[in-house]
Amino acid sequence: MKTGFTLRNVQFRNRVFVASGTFGYGDEVRNLVDVSHLGGIMTKSLSWKPRDGNPPPRIAETPSGMLNSIGLANIGVHAFIEKKLPYLRTLDTRIVVNIAASSVQEYCDVLGLLDEHEGIHGFEINVSCPNVKEGGLSFGTDCDRTAEITSRLRALTEKPLIIKLTPNVTHIGQFAAAVKEAGADAVSVMNTVIGMAVDARTRKPKVSTVTGGLSGPAIKPIALAKVYEVAQSVDIPIFGIGGIMTAEDAVEFLLVGASAVQIGTANFIDPSTGVTVAKGIESFARQQGLNDIGELVGALNARKDFSVLQSWL
Amino acid sequence: MKTGFTLRNVQFRNRVFVASGTFGYGDEVRNLVDVSHLGGIMTKSLSWKPRDGNPPPRIAETPSGMLNSIGLANIGVHAFIEKKLPYLRTLDTRIVVNIAASSVQEYCDVLGLLDEHEGIHGFEINVSCPNVKEGGLSFGTDCDRTAEITSRLRALTEKPLIIKLTPNVTHIGQFAAAVKEAGADAVSVMNTVIGMAVDARTRKPKVSTVTGGLSGPAIKPIALAKVYEVAQSVDIPIFGIGGIMTAEDAVEFLLVGASAVQIGTANFIDPSTGVTVAKGIESFARQQGLNDIGELVGALNARKDFSVLQSWL
Amino acid sequence: MTLCDAEIIGLRQVAQGVHVLSFRSPEVAYSILPGQFLNLRVHDGLDPLLRRPFSVYRVEKEIVEVIFNVVGKGTAILAGKKKGDMVSILGPLGVPFGIGGRFTNAILIAGGLGIAPMPILAEHLRKAGKQVEIFVGARTSDQLALQHLKAPHVATDDGSRGFHGTVVGLVESYLKEHPLTDAKVFACGPTRMLSAVSNFARTSSLPCELSLEGEMACGIGICQGCPVERTNGERRYALVCTEGPTFDSTTIHLREG
Amino acid sequence: MTLCDAEIIGLRQVAQGVHVLSFRSPEVAYSILPGQFLNLRVHDGLDPLLRRPFSVYRVEKEIVEVIFNVVGKGTAILAGKKKGDMVSILGPLGVPFGIGGRFTNAILIAGGLGIAPMPILAEHLRKAGKQVEIFVGARTSDQLALQHLKAPHVATDDGSRGFHGTVVGLVESYLKEHPLTDAKVFACGPTRMLSAVSNFARTSSLPCELSLEGEMACGIGICQGCPVERTNGERRYALVCTEGPTFDSTTIHLREG
């Protein structure tokens, strides 16, 4: 069974990755997970300087999902290179470093610095970050800004460049087209959905920043629709992300057009979910008599005469 | 305890309504629900001609939610006036007729015809409909088109005009501002979220139109954030909608800024949910020592220094 | 139609993965008719969210029984219920089988869990003075739940019991030997089998009623989620929950899986 | 740290709404230290989604016990478990209480379910040759779960049993009569009580460790969801799950409810 795939000269063992911010820097779970069964690890988002993150409470559970407001808490790129990268290099899997920043220049500085170091196989760019210049509006909801970040970073690296899109836009397909045009090798679809939870008795929001990012099985139908929309509008490899708990969930993402998947929130319930999913996809494909997991990518059996953006009510 | 409120000269007994498309035309559940305990009934969307709706399958269950693709199946405005309105007139509650159309003119024709008839207390406009002129793109994702529909309809009626917004846009606050400017008396936030479900084995989408509308508790955090965003950006009465199952859920919507709430999917589990919620809100308010449910509206205890659109990761 | 909590009296396994749930509900017991169904809430959690529709299998005094297959989340939760637990039921729902009319012989055809409505249907038919022949098909013999069926004719796909083949094949070969005059067919089961049944009924020009399954949200006509295509009339679709689940086989187009 | 399914040996109610869950887990039983916790998955459904953290209450051979209050969905599901059911456990997690060190007297202060880690803590302290005095506070006497606590000093807010007032008030009045030299305080309970305890410890200049609660997603340091503000050092926050749940009271700022 062929399980792997290639993205811009980098080969990945299989199509199952762990999502940024849900697997730390890989060392926290060293005793629980055999990462050699993963396609790769997306690191927690790194910024130039370390970030404390948001005040508590940072998480709240919601129906079949969770809300988070971590605030990009991270150790910063320098500490990452010193303290985390050496360990990551020893792992028998691919390391994709996820980058967050509050200015276009900061994205460039972080990627530029990392690109000089061994043991990094690609970059995933988190554009769901407040753009300080624009008074905190997220880069990721501004198509031009997102494309600008992409082309600036493309000029700085020969490694796979993956832009992680936010679902909180009207036409995500336009963003995918723009970043492809700007030189991205792939897109990750999707980051969390803006959400909110309130304690009726205390009248307080359940996360300190009032709104937060919704993740988990609750958003899987939204993520599938976003991946499908991107796959219908642009020909670019897609990392499908959103509520994946099982191999069957992952197969659904492949069918709608994802070339690979990422496991996020499920890691909090079981950090080895990615390994289980990778194995599960393989046996599913075997049952279906396939020789290559890739045969599932975009293999949805659907009439093509419905547009994602049409109403359905 | 004051439970009612007024919207443009029309008084409503309380702040709990049943959402369009989830309560039929009121007659189907006549033996199960005492509608005199509801603020009002939003009818199934009506169009000029009857509509067959989409082919099966039209619904699929998702984690803590459901996907639907009904296709605005409805009996048409003429049959409504003949067969349904006479019964609705006999009910001791407010009737808000929800209108759907595929052209601006159709919206006007339907409302114009209905406005001449007794027993209708307001109109709710479903703009999440494919605009045939624009190749099926939903009116509701186009701010100018949404405002145009609003002003055209405003000119035709003195009754409360409520525009029901779609969440599938980047900045829902802008849409709320535009329809207020165009003369809307209130907005309903929100309609369903674009979603998709796939059967991994058959490789088929679980609803015939490939994508559908996601509803139920899974989307409650999204709906709360959308209502909060609208409340923060515009001063207009809001009907909060999305995943409400209990009185506590409803109170959360009031706290983030909704003047009233609508019960949708929960009606499929228990059509008298609205009655239970209305009573529950009242006892909750009593416990909190309030004299008017209205004291809960916008009473969220939150720092104001976070913007909804800021990143939170 | 009532919406209420019913106390579970018992749960028993009657075949491989097949369970019968018994609960006390006078309201339903005294008003239910063959072919009607109940919409059960399997728990009060949020996932699974929707009710689950089940035909009524048997009624004894105030006790109502449904029979089900564990196929997913909801039925798995049901299979874990214990005596004394409460379950929320909405019903009776839908249009019952037409057991009146001038036929004298009733041919009941069930595939798999399609046997669900057959015991109560047979009982009412006999009360109405009809002759009843019951034909039951299953993949293998251990999936057969023949309890409460009088002298059923059995077919299995693997031949492990009774006729080796489909239940419709069994019916045809049976009728060759025992021709039945003025008979009416009642069928419940997988869509493929129902199509075979309605073809058979058409060719042998017998009146035929089918009980359909399909996704449902509300079960009471307020969601428009359960359409089946009609063969004539100005409306394109009928609602399975309120205009069915039983239909004259000539009035609807069965959906291909 | 292990992630595995453990067989439930029993569930017993020990006070109003308070239950003790026992399960077999050699891995945990032989490695757990006082103050550490487990992250339990209450079912394998999707709602509630996340694991639930619980301190280890007692250990006997291979049997591990947690004590909990039914406060919501997850604990309600736990309270419905039966002997023989399996529960997925992740642990031992977190930094245990510091029972070494040169103090001779241990003052254990528990508010409400804060008694959770006390039996195992007291046992280890005594093994280490320390003198242990246990102080337990509750709103009313029927909420007290005093089993497995040796000669506890009791306070209730309503005076229905023992000292009438807060548990910290009780500790203070006790120490007036029985001054304790080189003592160390260990406390677990609601945030308001913990602040009172750390104030008390500061004024009486006693070393003090607090066990914190708070929302958690992963329990293993990968989600950054459980920060507590530190009083010094260049990092602003510590993670309750990996750097706690036990903290020297001088190193953290308690969050106001």
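Order of writing sets the chain letters: A, B, C and D. Residues in each chain are counted from 1.
Methods note: a contact is a pair of C-beta atoms (placed from the backbone, for glycine too) under 8 Å apart; a residue touches a chain by one contact, two chains touch by 3 or more.
Quick caveat, the model's predicted, so the values are computed rather than measured.
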The chain whose C-alpha centroid lies farthest from that of chain B is chain D
Rounded to the nearest Å, the gap separating the Cα centres of chain A and chain B is 33
Separation of the C-alpha centres, chain C versus chain D, in whole Å, is 54
Distance in whole angstrom between the CA centres of chain A and chain C is 46
Between chain B and chain C, the Cα-mean centres are separated in Å by 36
Check: chain A positions touching at least 2 other chains come out as 21, 63-65, 68, 70, 202, 216-217
Residues in chain D with touches to at least two other chains are numbered 46-47
Contact graph of the chains (line, ring, star, complete, other): complete
Listed in rising order, the residues of chain D that touch chain B in the complex are 46-47
In the complex, the residues of chain B that touch chain D are 63-64
Given the complex, residues on chain B that touch chain A span 21, 45, 54, 62-65, 67-72, 100, 126, 128-130, 135-138, 140-141, 168-171, 191-198, 200, 202-205, 207-214, 216-222, 224-225, 228, 243, 248, 251-252, 255-256, 284, 299-303, 306-313
Residue set of chain C touching chain B in the complex reads 1, 3, 41, 46-51, 88, 214-218, 220-229, 235-237, 242, 255, 257
In their shared complex, chain D is touched by residues of chain A numbered 21-24, 28-29, 31-32, 44, 50, 52-53, 55-61, 63-66, 68, 70, 73, 202, 216-217, 245, 265, 267-272
